[in-house]
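The two complexes that follow have subunit A in common; it is paired with subunit B in the first and with subunit C in the second.
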Partner chain A sequence: MANFMQNSVVSYACTCGLVNPITKLFFCRHCLKLRCGFCVCHEVDSHFCSNCLENIPSSEAKHKKNCCTNCFNCPCCQHTLSARATMVVVPKKTDDSPKEGEGDGVKAVTKKMYYLSCLGCRWTSRDVGIPDQNVATGAWPENECSYQTRFNALLEYYQAVVLQDKQEKQEYLRRKTPKAHKFPSLTDRTGLTVSMIRRQIGWPDKNTQKAKPVNITPSVATDELEDLPADVFTQPINLRNVSNIQQRHGQPSDQPFTVNKLYPQRRILWIKRSLRCRQCEHNVIKPEYHPTSVKYRIQLFANYHVPDVLLVRSEEVLHAGKSGSIILKLTNPTMHDMSIKIKELPTLSEELEMIEEFKLACKIKENTATSAAAESLKSITSSPSLTSTTLSRQTSLIEDPRIVQQKANVKLNNSELNFVLNQRDDSTEFDEDVQTPREEPEFIIWRKSNKVSIRLPFTTDESLKVGDLVKVGFTMEYTYVNTVTNTPTSHTLSARVFIDAGQILGE
Partner chain B sequence: MSHAEHNEIKIMAKAIVCEDCSLIGDITISPGCVIHPSATIIAEAGPIVLGENCIVEEYSTIAFRLPTDNKIDPAVEVRTLNIGANNVFEVGSRVEACHIGEKNVFESKCYVGPCVFVSSGCIIGAGVRLVSEQKLPENTVIYGRNCLQREAIDKHGSQTLQIDFLRKVLPNYHHLRKPNYDPKKMRIAT
Partner chain C sequence: MPLYETVMQEKPPVVLDIGTAYTKLGFAAEAYPRKIIPSEVILSSDGKTKALLDYDSNTELYDQFVDFLQMIFFKHLLVIPKERKIVIVENVLGQTIIRETLARVLFRHFEVSSIMFVPLHMAALATLAVPTGIVIDMGYTETTVMPVYSRVQILQAFQDQAYGGRAIHAEIKRQLLEAGVNGKHLTESILEDIKVRTCFVTNFERAKAYRKGQPPAAPPDLEYLINGEEIIVIPGTLRETVFEIMFEENNDRDSLPHLVLRAILSCPVDVRRALIESIFVVGGSAIIMGLLSRLRAEMQYLAEKDEEYKQKLCGDIKFKFHKTIGRENFTAWLGGSLCGGTDLIQTHSLTKEAYVKTDRVPDWINLSDKRATA
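And then the complex of A and B:
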């Protein structure tokens, strides 16, 4: 956890062979395997605005083009704009002024008016001539670019094209596939919809009116261009009036050239996502629904389950072909004692074997997960479109395991180091009794509650040159008690750990 | 070094100067100014005249430094650094500019080097560092990590509300330095 914000010197190999710091890894409690960002499928749970924390349903979010209706970003520096109130003196309406106040002329009243202002760069909505508003939110004018209608026409056209394409493909598939069963069998009955029956019988879908895209006038290229103004080569350019790349990309519809055409931009929504193991389809991460909550309903981060390895220091100056040692601190994050075994990394052939084994396991999984299972899944989840696109398709997208690219360039001096890592017990910190010293192997330097410091001696490779980074790698076998099942079962799992021990120094 | 050796602090009436700020050199503080505790003003190369209604916040430093080679050319007349009215020096700012006009805001933790000429209505954003020799035109806003510049079209709000508030609150919690200088009386005396 010490390396949460910076590059970590300790990294773990995921089951797929990619190397990540422990803070970026997850642990599937059902497969008992490490998972990285590529080994989980990412699903959007909810959309929300990070400024006003309003939760926006996904259909509405799509309709609003994934933008918040109330919050704006500064077009100048992309900071959040805040509404500011000013008191403005406005003349009273002309209807009632002649009746009462003929004697003292035009009466004036103060009125609260709002404008948008950026606290970062002091940009205000007055800079581009947006009039002040009576209400703080909701009434800000939409800046529509000049070719909005053309854009809408194109959008409509291409949506129709996509629809037509889809229908034709469906029609083709229906004609091509032989009719397997005229009548649905009893086992198939779960999750059968009317449209599926129709499809099975061979009738066309009821709601398919042949979508025909309306014709649009295609754009025509022209070579008639306006000449550059004469002073473009002679007048010095004032860079303050020219918008920068970031500002133009922030306003993609018209990409203004000058800063006086920068308009407040609606704030883009953020998402909460849940992560699902690609092998077993169990959730690995599931956030709480409400945007204000930063907690999780399911949080299987690797550092809650896998012993955390920390590099304390490197003991000796490192030379090629000489021995060195590093001091590591291991922490047991679980509520069960772990016995740990540190040994050499698997050889290449062993690694290939592991990959084959893993692939085989995936294949068995895939075969058992027949289409029937997928069908039943479909009926469980309410929206069929979601399951068909996310679940059934992504199971086949399991990240192909590969050989770990990171290579260790040291040999461990001991073939095995065995020790026990005590369970985590938050109350031991308050215990007063001194721990009874017990027989410890000599490589253990220090031990307190669930933490252990060990010395790991190794010999660096002869081939290393001055300035090369010494990579210590080892396989850490640890016992893990699985509490998902009714009776806790103990497993021996292993993780491949890589540590940057420092550079080779010259003589 | 002649000016830094003796402190000559002139505080005019209606200025709020907290006792535990450090003022070094020949400094004149005009009416309406608010100097917070732990602020530092160093008049090393010549006198500093702080204009009316300036706010100097905590841990901010205004310095009129000697040139880096630490030599004063005796032939050149000693220059006075006249700081205009309505400037705000926010918490932790460090301003060594050679000229400061009116209505500037130096935001928190910014640094303005000695070769910078600050005109009027400028805003130096939080954390911005200006080191090289430059002249900031009026209404310049410098913001962000990359010190981007823009020109403020709309004038930024005045600090009168803040000044009034500070003038009310600060005397309740801090010992103040007493005003010791009245330009009218001085005129009569001479």
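And then the complex of A and C:
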């Protein structure tokens, strides 16, 4: 986590082929695969206002057009507006003033009134002539859409037209296809049609259910167009009064040219997102509901499950075609020992093979995801949320995995490095460093509880030039104990790791 | 339509009009877009801002669309794109790679349930409730003209020219540099701001005077503060003349009035009059003071004085223009919103199932596709 905010020098290739630092990766415990923001399915979990931190149920949010009812943004500078109170003197109401000649006539009362003001640019709601309100969260008038009625008429018209077209087409098809009755019906023999019978009985004609054509007045074109006002050639303009493009777009319905027509903007809500694995439909991230909480209900971040690799330092000065080595520190975040194997990255053909395998696995999964297979799958995964509805999902297209763009430009000196990474044990953090020395391979230079430092020797490519970045890449195989199932099972997983080892130096 | 209405209320289709400069986004059956945002992406790879439709490879375009739509769905519209219906307003003769990539991103990455492609010019005309008209879309990179007769686009009469917002910005820059302004300040956004807030299209008389080399008294110069640092002077002539590049007389006869007239003359004789009396100018670059009356005056002049047009457009010609409802920059979006608000969304969309089968998007131009949908 040392590299949470900065650019990381160590990155992992996700299953989908994109390269990310471990802090941006997730680990699906059901598929046992790395996932990243690109290859998981994003979902809106809850809506909230980032200013007043109020939680808004999604149905209400939809109704309110995803805006907070209480908070406003400045139409000039998009800063949050604050409600300001002023005391105004208002004459006392007439019905209780004429009471037995006490005092002299009408009394005045002071009353608190509110207006909205921007602390960023000094804009106030009084600038657009919005009257002050007597409650701070008052019913601030909305900027009405001037052509809403016309739009509604158009919409109604087109809905009717489309519906009518559809009915006519159906009618046509119905008439064209001969009736497929097995037995001639009474009406056929007598030559009476259903509608005639209906009319004779006095029932309303069936066809009256047809959509009535809605009339609309079409737009009328004119050749009398507004000419430029004469003063545009003589009068200087004051740029302060002319709105800029951002301000105009902030009020899309009318996009006023002058700033005196800008209205306070309702603040748009924010969302909490949950992330779902596309392959198995399990959540990898699910946040807590409350807006003020920054915790998660489900948090399958990769650095809880995958060994964390850290670059400690580069040992030697790097030259092209020469050997060098880096010191890495690996940490086991899980409660189980891991055996680690570090080896060369897959070749291009191996990588293509992996992608094909992955695609095949997706296809098989899709084909078997029928109701018959649902049972067997359920027993394999034994997870309650894997209901038949998620299994019988419709045709899906899953993003194809890609070839990793990042390429290593070194060769590892050892074909394989094998060692064990001890389990995480928070209590040993406080122990004194009195581990019994054991037979360690020579590349291990330090070990404490769940951490190990190793030296990784390599030879850089001949073709590198002075100033080029040396990329060390390796496949890290690790054993992972899956605790999702009832009986923990051990798996050998692998991750492709890329490390910036520094630049090639001149002689 | 009770069933339909519930569908609408629950999950209204998302309507997108992705332009070169700005993207209009919102929900179907709403009277205006929720947002108008620059068509730019902040790349998730390195955090840099980049124009959406500026790309070197297909993968790059694909990834940019992913980042852009991710922002639209989760920051602006706050909806789950999965199983959602999408309406895309698009230029009929736009690049195939863009629509193919967009469809691939929407179906594969966002798993939307269907996409309805709505041709831009038809969509714009739909907001008028008239069946016939000549639609002029003035965008950022180009101006396109499409005659529509009785709700059918006359494709062979389609015209386009590379003038729009970008050309105007270049012209402002040229004139400012000529006036001795330091070029390093003149970023695209400053140029746009100058255009939007200070410039206008002058009237025909004054333009003629400029052309003759007898410029009239120029409008007042303007002091303009750049980034709160430096004050530059915007000459009055600049404010008045930058839009002249659309009206300049030249041998190619490809200025805006000529473009529209040429489109009209490429149509059959019997539909021309209907088009002449139903002209509709839309697009972001159409929001500028004085544009319509100038265009009308120029066209009227050409129809009466130019030999070629006088011959072909016989009789009493009166060019008539429609007014948009709402601003011109989202008229096409509005048409998309109207289409998406009807049952067409159920019948005329490209569904995920159909897309899976062919793995391609049917083309407007492709005749075999047309037959299939007809």
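As a convention for this text, the second predicted complex is superposed on the first by the 286 of 507 C-alpha atoms of A that agree within 3 Å, B and C clash if a C-alpha of one lies under 4 Å from a C-alpha of the other, contacts with A are read in each partner's own complex, and residues count from 1 in each chain.
Just so we're on the same page, contacts are C-beta pairs under 8 Å (C-beta built on N, C-alpha and C of every residue); 3 or more make two chains touch, one makes a residue touch a chain.
Since we're looking at a predicted model, the values are computed, not measured.
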| item | value |
| --- | --- |
| Subunit B versus subunit C as contact partner of A:Cys77, first or second or both or neither | first |
| First (subunit B), second (subunit C), both or neither touched by A:Val44 | second |
| Which superposed partner A:Asp223 touches (first subunit B, second subunit C, both, neither) | second |
| Contacts of A:Arg240 with subunit B and subunit C, given as first, second, both or neither | first |
| Which partner reaches more residues of subunit A (counting touched residues only), subunit B or subunit C | C |
| First (subunit B), second (subunit C), both or neither touched by A:Val259 | first |
| Partner chain in contact with A:Cys121 - subunit B first, subunit C second, else both or neither | first |
| Contacts on subunit A seen with subunit B and repeated with subunit C across the two complexes | 244 |
| Subunit A-touching residues of subunit C, taken from the complex the two chains share | 1, 22, 24, 29, 31-37, 44, 59, 66, 70, 73-74, 76-80, 82, 107-109, 111, 126-130, 133, 192-193, 196-198, 200-203, 206, 216-217, 219-220, 222, 224, 240, 277-280, 287, 289-290, 292-293, 296, 318-323, 325-327, 329-330, 334, 338-339, 341-344, 347, 352-353, 355-356 |
| Complex interface listing, subunit A residues touching subunit B | 76-77, 120-124, 126-127, 240-241, 244, 259 |
| Sites on subunit B touched by subunit A in the complex | 123, 125, 141, 143-144, 148-154, 156 |
| Contact footprint of subunit C on subunit A as seen in their complex | 37-38, 41-44, 47, 61, 65-66, 145, 147-148, 150-152, 154-155, 157-159, 161-163, 166, 216-223, 225-228, 232-237, 239, 242-245, 248-249, 252-255, 268-269, 271, 273, 394-399, 402 |
